[in-house]
Amino acid sequence: MTEFQILFEQHKDLITIAVYGTSIALIVIGLYAVLMKKHLIKIVIGLSIMDAGIHLLFVAIGYISGGTAPIFSRGNENAGARMVDPVPQALVLTAIVIGFAITALALSLIIRLYKHHHTANIDQLNSLKW
Amino acid sequence: MVITPVHYIIAPLIAAFAIPLLTKIHKDAARVVPGIVLFYNVIVSFVLMKHIREHGMISEVLAGWQAPWGINLVVTPFTGYLASMVSILGFIIWLYGFRFKRTLKGGEIKFYEILQMMMIAGSIGIIITGDIFNLFVFIEIVGISAFSLTAFYRSRDGAEAGFKYLLIGGFASAFLLLGIIIIYTQTGSLNMAQIAERMPDVPQQMKIIALIFFLVALGIEAEMFPLNGWAPDAYSQAPTPTSATFAAVVSVAGVYALIRVVYTMFDVEGVNNYLMIMGFVSMLIAEIAAISQKNLKRMLAYSSMGQIGLVLIAFGIGSKLAVFGALFLMLNHGVIKSLLFMTGSYFIYNTEDKKIKSLNGIYKKLPFVSFLFGLGALALIGFPPFSGFWSKFYILMSAADEKYIFLIIGILLVTVIELTYYLRVVGRIFFAKEEGEPASHKPSVNAIIAMSSLALFIIVIGVYPDLIMPHIQSAAEALLDKSNYIQQILSLN
Amino acid sequence: MEGIFIKILGAFLTAILAFVVGMLYGGLRRKVIARAQNRVGPPIHQNFLDLMKLQAKRTNIAHGFMGHMAPVWIIIAAMTVLMFIPILHGNLWFENLTMKGDLIFLLYMMVFGSLGMALGAGQSGNPNSAMGVSRGLAQLVGFEIPFFLALIALMIQFNTTSIAVLMDHQEATGRWIIVDNPFAFIAALLASLGMFRYAPFDIVGAPAELASGPRSEFGGKYLGTMMTGGAVFAFIKLVMYVDLFLGGAGNNNLEGLAGTALGLVELLVKTFLLYMIPVFIGLVTPRFRTEQAIQFFWKWPTFFGILAIVWALYKNGTIG
Amino acid sequence: MEIIAIILLILLVGSFLTYFVDSFNKKWTGTTAFLIVLITAGIFFTKIKSGYQFNFQLAGLDLQWGLTDYSYYFVYIILGLSVLALLYSIKYMEGKARLGYFYGSFILTVLGMLGVVISQDFVSLFFFWEIMTWASFLLVIYNAYYKIKTKGIKYMIFSAVGAYAMFTAIVFIHVHYDTLLISEAIAKGAFNFEQYIYIPIFLLLGFGIKAAVMPFHVWAPPAYAKSPMSFTTIFSGAMSKMGVFGIGLVFTSFYLSSNPENFFWVRTILGWMGGITAVMGTIYALIQTDAKKLLAYSSVAQLGYIIVGLSTGTQLGVMAALYLAVIHAVFKGALFMVAGAVEKQAGTTDMTQISGLIRKMPYTFVVALVSIIALAGVPPLGGFVGKWLLYEALITESNNYILVVVVFFSSTAAFMYSYRFLFGLFLGQEEKETEHVKEAPATMIIPMIILAIIATVAGAYPGLIFEPAAKAMQAIGFQDVTWQMSSLTNVWGDTTDLFLIAMLIFAVFIISFVFLTLKGLKKTRYVGTKDISTSGELPKEWENLTFQLDFFKPFERAAAPLYKMDMNKIWKDLGKNLEAFFGFFRKIYTGNGQTYALYIVIFLVVLLLFRDVLFS
Amino acid sequence: MSEIKSIGIPTPEEIKQAQIDFAPRCTSAGRVNDKETQGMVEHILNFARKHSLFVVAYGTGCGAIEIPATMTSRYDAERFGIRGAATPRQADVMLITGYLSTKTLKRVIRVYEQMQDPKYVIAFGSCAINGGMYFDSYNTINALDRYLPVDVYISGCMPRPESVIKGFVKLQELIKNGNAGNGEAYRSDLDWYRKNQQKVIKNWDFPDNYNW
């Protein structure tokens, strides 16, 4: 056991709280950015931050303290009991990919928007309304 | 069984990725291949439906893992019905757009078809998947292709609409993921049947919070007020076949997702009332907004939102008759709204702007298209002898059975609003305008076939609804029979 | 067959009677007005002379077929109404078709002639004619309301819509309806002022303003026939009022010719006295404008008409 | 296949057939439509007798079609008038565009009306009712130019509100009485006002709107006036009678009821609504300058009488209503045809622009004269019978003395617009503009003359109409309806012998015609309408001496308070306010994506906060 | 004769010519002159005509003021059966009350033509007879009977109501004898009358046929 692991064991609750807190904080920050910032890029950044927060939350939920990697290997057949849940990780990977795609698409749209409107202020992008 | 549900998804996806390659071989491949694929999907639908009628529902397992652990595709009469509907409408929309897309440049048609294929594949995926996370993935597939298609015309408004859609779609995916997280922590499963089975053990508060996340996220897809800000923009800016696809395919998938979650996964009291109220509010607000629209496609978009509101009301009522009515209405709405978008697109084509004002006397230019539009408008409002009448009739009957007096009156009053703006347009179309130059864009043969087949459907079903009612009936039964669904999935292994 | 013969003969007699008496009353009116203005005035038979002269006009102008037909409508209306009003109640010669029509029929039939004349006047194309017709019709709407109210009062009080039955009732009880329902009489009397179109309700044919209104394009025999019609109608109205409110005439005990003569005398006395009311009112009053006339009719006469209905209901035992 | 289904199918296919005939040869469209409806009428009257029934299942519902004496009575109106209107229409519509559209919708409307009367269950009733409504809407907007579009919409909105009210009632009948058959619903007392009062009220609202009852009448005048006249003939003549048909049907329970006092309020209210409709229709008719509009308002007024008649609930009253339904269809049909003929020949029906057509269109004038006399209710024509029955019913049986005065006021004021119509179009100055006008073609004249003859014969022999009407009344709950062929009798035993009256008038007419008219026919000098006494002034060619504007100004001044009650404006204001309100509401969709995102978050938060209230 | 060129005293030649041109016509066409030739019926009718004179008073000049006076209680013209008529169609007698300007003449002619036979004309005062004090006025006609057939002239300037009544009595006499009523004469000599009328009426716009 490394020193870090010991530290980790000692402050397990604290760290759990920290991880959860961070993820929720990320979500809130992301939300804030999406809802309050006027610049399109900032909004997209907010969206990404929010996604990141959610992903972190998901991964954190799947984590079992002191668990092993969710790999069945020879000699480690009964690892299933102490294994970290693999599903959230798999899902988060997918979600990250999707988030990436969305971000890319968003940025390309922003470029298009900027070309047409010469502004990236979301308040001015309301020619379609009512 | 040679044909399995997975063909539904695989065929369009393969086609989507093969199109760029095939265009190298022949430049028309991008236009033809989707048609073949979608027609194949139609065949798949028929085969599967027949199979279901004979042998009961199908649960296909992907990648060898059995149901609770692996991803499974479920074709019940309910999902089969929706998937068939989506396939057939997708094919007709392709048929309609076959020549329309010729006007696009070679490269663009490729992207268009890819995105369109992905959207339809994703929608069918949403409908037939039995896995909640898979649902999420398909929603995202639909979402990304839909965002792109909205902004397909690289115009200023298209980009704007696309961005708004994307922003809100991002929220949807985030909340959906949150909901899935909560559900997963509580039930430890992602299979809908298993989640449903384990749901009674979940703490009430958790259940409700998860449900709320689902409701909000899927509400966005199902165009529920106040989550539907994207819809009018997206509908009005997307290419017309895409608008039709939104109305006929994507919204169906969205409503399906919402209903599947609410009906099958959760057993929470009050959600029916919620659906009913929010459905009514969506309908009301959408129709109110539609009444003074100046843009035809935007008006149709609001009208779509209104119709989806009515569907939600019917699902909220929740009796068998109501579900039957709702499913019937989804079908009717898909058909009729596609028809309206198709015909409306020809109007727009000929008037150069999308304004309703410039439709005056267009009957002289495009008699047949105007005729079909009028028919569609009347059918959508719910006039007999068109199919729209029966769906509305059954929904109201079911509401009456539950003694929702004010709901009935409210729906009917909102219908009056709907009627007002539709008939304004119809009135304009059939105006006796003095002068009129011949139409510059006559509808092409394939478009006429597509539109006529839809119109024929409307009339035939309107006069003789018994043709399709048994299917819808079994679909409604399948949706409501939750325990059977769970048992079948978990024991069909 | 004999019955029909008597009927036809009676119809002729009635028509002649109505014609003579109506024309004489017209002359009498002119005489009365002249005397009231301290003039000698024309002779009583002046109207006959006028009529004769008009019929003897050598040329006659018509503006078209309807104009040509205008007198025919008036004669039709006059004759038809005459046939359905009991001149002398229960008299073989003067009863005509009394039992075959009722008050509502009479009410509508009386308009027939005016409408026919209005059509003729309309075809002349003279704006004055049309204006006169417009005023006349408007005034008609005015005075028909109280008149109708009065009639309803009678109908519901005596449970009949037939004028003959009303007369039977008066004969049987020996009490005139004017006593039974005075308000109905008042309402009907006030309405009759408009019906006669004497001052103050003579704006329809105001000579200086409208050039005699509907008649302005009629001359010669057309005018003559119209005057005849007007005279007969005046008589008809008077007889109708007498029948309705003043016990009618002819219900005496004498048989044969003497009875008829006595009945006719009674009728003449009653109608003459009744006739003098609008004549005297017309003497001393200026002219109402049309809307004033209508408003007048919708005010007091209507009030009395409603009062008459209430009274009738009270008498009838329905209320009170 | 059942004969009734075949008939409906003929009409449905005929509608499409007409549409396609038009695209091949415009000349034959009208004839095709006429033949189709003629054949339908022929088959119907020969093959189907009253009492016919046909049960079947559709969409999981037990449906029933059939004919009672009551509905058969209306079939006479519908098919008879439709055949005549289509015959008239051949020439009337000649040369107009979109004939296929017109005739297709026309036949669909006929189909709808026929369907309404043959329906014996509510679903079919509503089904056909709606077909009738939208098909007629298409015809209302046929003539529409830019400004008029709102009129058609107004019609449709009112119709839809009515239809949906009806539908609500139907749904509740299904829920409370578990039946969709009309006869069963009546038997179970669904139309009684005791238990579920909203059922009959909603039904009455639905039918009443179609019958243009007072506060909902605003759609009718513009819709009647703006449609092609050949259609207005059946629009006003037959389709408005569908409302009457329905009201009669709803009132069946009232007529059957042993204790009519239960119905006191509804019949009082409906009667007064009818009375006010009659008055308002009339006073607005007489200030119109467009002949079509005048007739349209007059139709509203006449429908008011019918409603009054139905609401009396007595034998004479209902007889009056049914009789008026037919006779109104007849004379108003003829009048609208006259207006159409004038429109076709002279180009307009604006009475301020044309006048003096009598010499140009003598036959049309004669028809107009006869029909107007019938409309005004002057004996000896058919209209008088209806008026007589109505008054007698109100006075002798219904004891509604004030209402009878209201009705009487309306019908007296009807003289004014009757005259106005004749004067405005046919009499008065012959203007230079109308010099080219010729008599309408024969196929337009013949239907008019047929209608005029019916109106005349009905005056002398009303029994011809009383007979089916009495049967119809027995079908809706009256026992032993008595009637005579040519005389009228009320409960007090007073009679009016119509045959005698007609004969007398005819005799006097002949006599006076011979002695007064024929005698001087040659001696009379006929002069033009410019030769009038104008204080010696010579009227110039350009001088317009026709008195047409503000024709009844004095009456307007006298009746000013009545004119202040403008329902049209009230509804318009309501519509405008609603639309402004809607316009305010749709600003929710601000167009700003961020706002939408904010909505989502707020919605989520609200749901999360109120989760205990919402879900459990 | 084209038209009167100069205004003022005419030269003798002109007067002579004028005497030829404007010689009063005494036509008898269509008139029933003799008592003997009248039938019994006509006699009775004339009696009626005599006692029923409907007057259209054309107030051309100052004499118009005398008409109401004649109708008042003091003179009471109605006792002779004289009463006003509102329009020429209903009237028997036309009164030309005083001087007649050419402008008014046109209207008078029209009113006269609209009256129905038998119709009578009574001219009031010297002005109507020979121009009176306006004999040389440029816009007043001098002799009425060149333009319309006149039955009775009443002299005076103006005639008092007594004279007016006298004139009416004279007319009644004429009617009784069958000597009044020149409608037929006017019609048969229309050409001559028209010529005279057209001479003085500048803006002649009457329709050609008499029956218009």
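Going by the order they are written in, the chains are A, B, C, D and E; count residues from 1 in each one.
FYI, a residue touches a chain if its C-beta (ideal position, glycine included) is under 8 Å from a C-beta of that chain, and two chains touch if they have at least 3 such contacts.
Just so it is clear, the model here is predicted, and its values are computed rather than measured.
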Exercise. Figure out the least number of contact steps between chain D and chain E, where 1 means they touch directly.
Key: 1
Practice problem: Using the touch definition from the top, list the chains contacting both chain C and chain D. | Solution: E
Self-check item: Labels of chains that are neighbours to chain A and to chain C
Solution: D
Quiz item: Busiest chain-chain interface by contact pairs, anyone?
Solution: C-D
Exercise. Determine, using the mean of C-alpha atoms as each chain's centre, which chain is farthest from chain E.
Key: A
Quiz item: What whole-number Å value describes the gap between the mean CA coordinates of chain A and chain E?
Solution: 117
Quiz item: In whole angstrom, what separates the CA-based centres of chain A and chain B?
Solution: 30
Practice problem: Please report how many Å separate the Cα centroid of chain B from that of chain D, as a whole number. | Solution: 43
Quiz item: In whole angstrom, what separates the CA-based centres of chain C and chain E?
Solution: 40
Exercise. Could you check chain E for residues that touch two or more other chains and list them?
Key: 87-89, 114
Practice problem: Please set out, as single numbers or ranges, the residues of chain B touching at least two other chains. | Solution: 163-164, 167, 171, 232-233, 289, 292
Quiz item: Which chain C residues reach two or more other chains?
Solution: 59-61, 211, 216-217
Self-check item: Touching pairs among all chains present in the structure
Solution: A-B, A-D, B-D, C-D, C-E, D-E
Quiz prompt | In the complex, chain B residues that touch chain D | solution = 163-164, 167-168, 171, 175, 204-205, 208-209, 211-213, 215-216, 220, 226-227, 229-230, 232-233, 268-271, 273-274, 285, 288-289, 291-292, 360, 363-364, 374, 378, 383-385, 389-390, 393, 396-397, 399-401, 403, 405, 408-409, 412-413, 415-417, 419-420, 423-424, 426-428, 430-433, 464-466, 469
Exercise. Quick one: which bits of chain A touch chain B in the complex? Just the residue numbers, please.
Key: 27, 34, 40, 43, 47, 50-51, 54, 57-58, 61, 87-88, 91, 94-95, 98-99, 101-102, 105-106, 109-110, 112-113, 116-117, 125, 127-128, 130
Quiz prompt | Residues of chain D touching chain C in the complex | solution = 355-356, 358-359, 362, 369, 373, 376-379, 384, 387-388, 391-392, 395-396, 399, 401, 404-405, 408-409, 412-413, 415-416, 418-419, 422-423, 427-430, 490, 492-497, 500-501, 504-505, 508-509, 512-513, 516-517, 520-521, 523-535, 545-547, 551-552, 554-555, 557-559
Quiz prompt | chain D partner contacts - residues on chain A that touch it in the complex | solution = 31, 34-35, 38, 43, 122-123, 125-130
Quiz item: Which residues, counting only chain D, touch chain E once they are in their complex?
Solution: 525, 527-528, 530-531, 533, 535-538
